[in-house]
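Chain lettering (A, B, C and D) follows the sequence in which the chains are written, and residue indices restart at 1 in each chain.
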Amino acid sequence: MDEFEVETLADPDLSDPVLVEGLPGVGHVGKLAAEHLVEELDGDAVRRIYSQHFPPQVAIEDGRSELANAEFHAVQTEQGQDLLVLTGDHQAQSNRGHYLLTDRILDVAAEFGVDRAFALGGVPTGELIEEYDVLGAGTTDDVVADLEDVGVEFRDDEPAGGIVGVSGLMLGLGERRDIETACLMGETSGYLVDPKSAQAVLTVLEDLVGFEVDFGSLEDRAEEMEEVVRKIQEMEQGTPTPSDEDLRYIG
Amino acid sequence: MDEFEVETLADPDLSDPVLVEGLPGVGHVGKLAAEHLVEELDGDAVRRIYSQHFPPQVAIEDGRSELANAEFHAVQTEQGQDLLVLTGDHQAQSNRGHYLLTDRILDVAAEFGVDRAFALGGVPTGELIEEYDVLGAGTTDDVVADLEDVGVEFRDDEPAGGIVGVSGLMLGLGERRDIETACLMGETSGYLVDPKSAQAVLTVLEDLVGFEVDFGSLEDRAEEMEEVVRKIQEMEQGTPTPSDEDLRYIG
Amino acid sequence: MDEFEVETLADPDLSDPVLVEGLPGVGHVGKLAAEHLVEELDGDAVRRIYSQHFPPQVAIEDGRSELANAEFHAVQTEQGQDLLVLTGDHQAQSNRGHYLLTDRILDVAAEFGVDRAFALGGVPTGELIEEYDVLGAGTTDDVVADLEDVGVEFRDDEPAGGIVGVSGLMLGLGERRDIETACLMGETSGYLVDPKSAQAVLTVLEDLVGFEVDFGSLEDRAEEMEEVVRKIQEMEQGTPTPSDEDLRYIG
Amino acid sequence: MDEFEVETLADPDLSDPVLVEGLPGVGHVGKLAAEHLVEELDGDAVRRIYSQHFPPQVAIEDGRSELANAEFHAVQTEQGQDLLVLTGDHQAQSNRGHYLLTDRILDVAAEFGVDRAFALGGVPTGELIEEYDVLGAGTTDDVVADLEDVGVEFRDDEPAGGIVGVSGLMLGLGERRDIETACLMGETSGYLVDPKSAQAVLTVLEDLVGFEVDFGSLEDRAEEMEEVVRKIQEMEQGTPTPSDEDLRYIG
């Protein structure tokens, strides 16, 4: 296998698709959000990237192995806006690997005529979140203004240390290739997988790009996670608190 | 020396050989199993792979040094099924090294006309094992069905995190080169070298591939290991428990 | 993006410029000093180096992203001596990366006709500094003599372990390319960003190269840092000490 | 600078020189021994290897910088046996770097017509040594027999884990290039720089190769180290023990 191999799974005609990237990261916010789009909007896998820069690893499902990869999905929304959504279970495993992988991702994007991209992720706050703000960053003043219009927050020195990994390089290398790119980062505690933060990010993305997606399944996962949090808190405090679920069944 | 060098030691004619890989890993299950085949069935070394991706290390035996390598052995079974068995003391030392090494292994396999391969290994359970199940994974529905037929277990989300290292890539890269590959993973505590787990894996392999091998020497090693475990338990508990050995000599 | 990319931002005619390097390091001494030159002497950005050997990271300012880079600035001093000042937020992230990056830096220097270079940095003492000595090292007896003339200290076995990173290789690779290079290392505790040490280094550089720069803003930052130190000491001792600031307002 | 650069410093005619390698390692035994040969026998530097696989570092001596390197010295012994002695302050910094560096070392050796090589090093025992045995390993039965003849020890499973780094690869890669190579490993505690172990190794090397060297300066360093050990022991026990030095001055 070469350092990178891009496999063609399908070749649909997409009209001005917007690239949406959601690889694993803080709170798995980007990954949850991107996978939700693919599932709810019936995305079709169109390209798969294998790389020696992914871990030397296969996933197993129903006894069948699958080599580490990242996958592009063609998503056609009811509102007419096409998306090209990148999901996967891995980031690259080295500094250079991040640069090389992001360039391959942008190669595929270019092939589909992408000129606008959104990198989705989470930004850790260190505490449980009440209201899920979404922070942003972009490669042009135009896209930054667009983000401001839909309520994305911009704060001095946040995220501290900038943005690292594929999402960071989507901005850095996207700009160098004239792809207008923004990063949407949902606030999240950083301790748990966070479907609510993913929903906050997708809500912003809906407004920005112009499409709609149902959040039912993501809300279900959020409730499961809240149940987990409640149980952890109970264990710490030694006294059970009634859950919404329990209350629902009283009387 | 080049990044990889493959040395030809012998060039026997093998008829439809099955590749069996057993490099070091959890409980040294795969390594024990592969070495047992080579010893019991009088394997002949046919290829040796040296690599800059192995540790910069020589082993010493009887004062003579031997550069880190992995070795292929031609094994002819009494049942007529030829095997090509890969053994060695090292895995590659980096992510990319795993990919590159596995590709070289598959190059050699292709040279011998291999179209079916088995990667042997262990899966850690974290506790001492009573009954040694063997878990499996494969690259095609056919080979998965074959594994099921001989009692290999398939469990959801096991092994958690998939399969890593050369055994994982034997599946991942084997599939990409149209070599039907399965991984057989013997349950093992993960704390000790585990000859019983190796025997469990080989018993499954016998059924799958169609050959027989004597397990006497592996059973002897298993007894030695059990003696070790008993002594560790005694030290922890402060009171000696009679061993099978002791009991055998009573009266 | 290639392994390294050098972007041309401007192409001024510089007359025998001296290269001044100040990337991050102990006490951020070199970085503070180099940035101070660029700000006070109105440097113009002329070249920017991007590299896969920098972290996979973008910085965010006012919502806009900027890919990790190092930047050369043309600085024309009132005294007629031109400077080429290198600043940035990152060192290379691997051994080889340091070698490759330093060679690219020297390529740019060669392009501007540089034949003398100064690498600025700090040397950690492990304790708070009263008097800021500057230690030195150079590639030729001539430049070492020049440093001695302006009061640079040379001590046996200091810095212990030699000089590591880009500053070290500016000497090592500069010498191999016939660029007369010296390293100026301001003593610094090693615990804090140290503007006073940066000022000490720049004072030596002024004498060596022949230019003048105002230190007002650097002194302000030094006072801020002293205030920080005082507060830390108070917290440790539990009793507040009056600061210069407080005293200034008495009566 | 290229990945490796070999600089020619002098080009003496050496007659059948034996390569002696002594880079840093356990107890600095090999380095001390090789440097002792160069100093006592007036070696001339003939080749210098620079490499991106060494640390990105310069050493400083008398204010002058020197880029990390390894150096070959031509040594002509009174007994007529020429030596090519490799010394340096660094090993390579990665697995592959060790392989690549050792190959470059053997390239230089080949250039001088070397067909026998000795890698010098230490083997850690974990306790202070009374009698300094020297362990060995070699690439051929002949050289192993030669080592046995001069009292080198061969023990089962020692050194455990084989020999790692440049000394190990001198054997592994030397053998592949038909250079008969042996490794001489002086026993050493592993806690301290050990001139006595270096002397033990050199004594064996004298017998093997046929030359003589004075050990005065090495014995002086050994006494200094013993003084250090005595002081450490005193500090631990709280009561001073008279040193040889003290005793010498009684009365």
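Here is the rule we go by: a residue touches a chain if its C-beta (ideal position, glycine included) is under 8 Å from a C-beta of that chain, and two chains touch if they have at least 3 such contacts.
A quick note: this is a predicted structure, and the numbers were derived from the prediction, not measured.
Enquirer: Can you list every chain in contact with both chain C and chain D?
Expert: Correct list: empty, since no chain touches both.
Enquirer: Using only the C-alpha atoms, find the rotation that maps chain A onto chain B and quote its angle between 0 and 180 degrees, to the nearest 5.
Expert: Value: 90 degrees, nearest 5.
Enquirer: Same residues or different residues: which describes how chain A and chain C meet, taking over half shared numbers as same?
Expert: Chain A and chain C contact each other through largely non-matching residue numbers.
Enquirer: With chain centres taken as the means of their Cα atoms, state the distance from chain B to chain D in Å.
Expert: Centre-to-centre distance between chain B and chain D: 39 Å.
Enquirer: Could you state the distance in Å from the CA-based centre of chain B to that of chain C?
Expert: 55
Enquirer: For chain C, give me the residues that contact two or more of the other chains.
Expert: none
Enquirer: If two chains touch, include that pair; go through all of them.
Expert: Here the touching chain pairs work out to A-B, A-C, B-D, C-D.
Enquirer: Write out the stretch or stretches of chain B touching chain A in their complex.
Expert: 92, 95-96, 98-100, 102-103, 136-141, 144, 147-148, 154, 158-159, 161-166, 168-169, 171-173, 175-176, 181, 183
Enquirer: Considering the complex alone, what residue numbers of chain D touch chain C?
Expert: 1, 3, 50, 52-60, 62-68, 93-94
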